[in-house]
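After the structure tokens below, expect a handful of questions from me.
When the chains are written out, they are named A, B, C and D in that same order, and each has its own residue count from 1.
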Amino acid sequence: MEVGVLKEFIENDPFLKLLGVRVEKIQAGSCRLSLNYKKELTRFGNILNGGVTAALADAAGGCAALSYNLGKNEVTVDLSVSYLRPISEGKVSAESSILKGGESIAFTITNVYDGKGNLCAVAKGTYFYLNEFNI
Amino acid sequence: MEVGVLKEFIENDPFLKLLGVRVEKIQAGSCRLSLNYKKELTRFGNILNGGVTAALADAAGGCAALSYNLGKNEVTVDLSVSYLRPISEGKVSAESSILKGGESIAFTITNVYDGKGNLCAVAKGTYFYLNEFNI
Amino acid sequence: MEVGVLKEFIENDPFLKLLGVRVEKIQAGSCRLSLNYKKELTRFGNILNGGVTAALADAAGGCAALSYNLGKNEVTVDLSVSYLRPISEGKVSAESSILKGGESIAFTITNVYDGKGNLCAVAKGTYFYLNEFNI
Amino acid sequence: MEVGVLKEFIENDPFLKLLGVRVEKIQAGSCRLSLNYKKELTRFGNILNGGVTAALADAAGGCAALSYNLGKNEVTVDLSVSYLRPISEGKVSAESSILKGGESIAFTITNVYDGKGNLCAVAKGTYFYLNEFNI
């Protein structure tokens, strides 16, 4: 499997498709994912629902983990999100990279930015590799 | 504002409506929210996307925080989710309660169960109160 | 190895000895550890240093993990602590139990109480098992 | 109060003194703290006890928060530590900086390195400001 193949997998993932997640960049151990701010993804106050931010950060961390150990599947073990600023406009993007990868576990850090380039959330994700890529 | 009014707010929240979140129970400082497992909320492997679990846990924690200090709005400060088991069927429910509430901050713990009653995720959420309920 | 043997290991661990950690109770998958509040463990304001709380919670989670899979060693993967109330007196105790254990990973939840029985911190810990108990 | 004054406060904090924590660098919103690896700070296996890593990371995050809003005291709200590699030698240092600061809350990120410069832990810390510096 090549890194580029992951783009198609991620973008056709049912829930990520519902959110409108796109893979903007991907290489071994890092990636940038994005989605458009839109009404259906908000909470009251017209800010992006924190669950969307968490989902995007988890997808980006998982994508970085998948790209680091190609051919292995993974599941999230722990996800920790700090919400620095509300997101109320523009393209929302998540840049993720591997802090440390191994045979069993990968640690990632992910920065989430709003359309103006403000850092709005930071997430740490821990992923456990499964041996097969059972799609 | 009465606790019961929150049910309507939560269920009409744009993103929570997209997920199909229902408020099953709510009282001062605790609640149970649920959603149905369905294809659009999954990831490859036909398990619930971890982002959905995080979003449901955050919504439940936020709902518990809102019910604890009625009339105040809140934003999530920190959300930490541990994924114990994959969720592959049934009604998914999240039971949340306040660990400690104050004027400025509320801490919550949330257990997420699958349709068979298995504990599948545990989340801690920290919420910061805003003075007005600006819907 | 029997569960009871862990008490001796834990209490003779160099850093835990420095903190004065005692194992009060231990059984397969759960334990209670404690230490005495004392000046050397405080920060300014005469409250227990948050690092002591984190260290006690991590020790309790690790102990619960060790007791669950006897004969295997473990390392902490992720530790997440929420500080609900400052601790300013008495015996400090940490009750930990396994949320989900497996061959590779154990998830724990730990409640930390002050001398009056107030819940002062809640921690989630994730531990990875090593195959040998290399003491 | 000037930033430089914090160095003395931190290094004379009772528990941080017990650990041997030194302030190597400090400026508005960031700092580097260190301690020496030594037997009393280890766990079995001769690696640094994870509680020491957590305590050092929390101290560094708190120091960054104090330096950002001089004259205000703070307490830790949430601390989340990911353990990437065991630490078994050398000077251990923690570099912390503010991700986002405000009147009430500061978010920090802290990298912990061993004596060889390996990144061994990453921590996110959330701090709540108190109005007075009640030493």
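Points worth noting:
The working rule: a contact is a pair of C-beta atoms (placed from the backbone, for glycine too) under 8 Å apart; a residue touches a chain by one contact, two chains touch by 3 or more.
Since the model is a prediction, treat every value here as computed from it, not as a measurement.
Looking at which of A-D and B-D shares more C-beta pairs in contact, the answer is the pair A-D.
Centroid to centroid, with C-alpha atoms defining each point, subunit A and subunit D lie 28 Å apart. For the pair subunit A and subunit B, the distance between C-alpha centroids works out to 20 Å.
Taking each chain's centre as the mean of its C-alpha atoms, subunit B lies 32 Å from subunit D. The set of subunit D residues that touch two or more partner chains comprises 77-78, 80, 82, 124, 126. Under the stated contact rule, the graph of chain-to-chain touches is complete, every pair of chains being in contact. Residues 78, 80, 82, 84-85, 99-100, 107, 109, 119, 122, 124, 126 of subunit D are the ones that touch subunit A when the two sit in their complex. Interface residues of subunit D, counted against subunit C in their complex, comprise 9, 13-19, 39-45, 49-52, 54-56, 58-59, 62, 73, 75-83, 86, 134-135.
Of all residues in subunit A, only 77-78, 80, 104-105, 124, 126, 128 touch subunit C in the complex they form.
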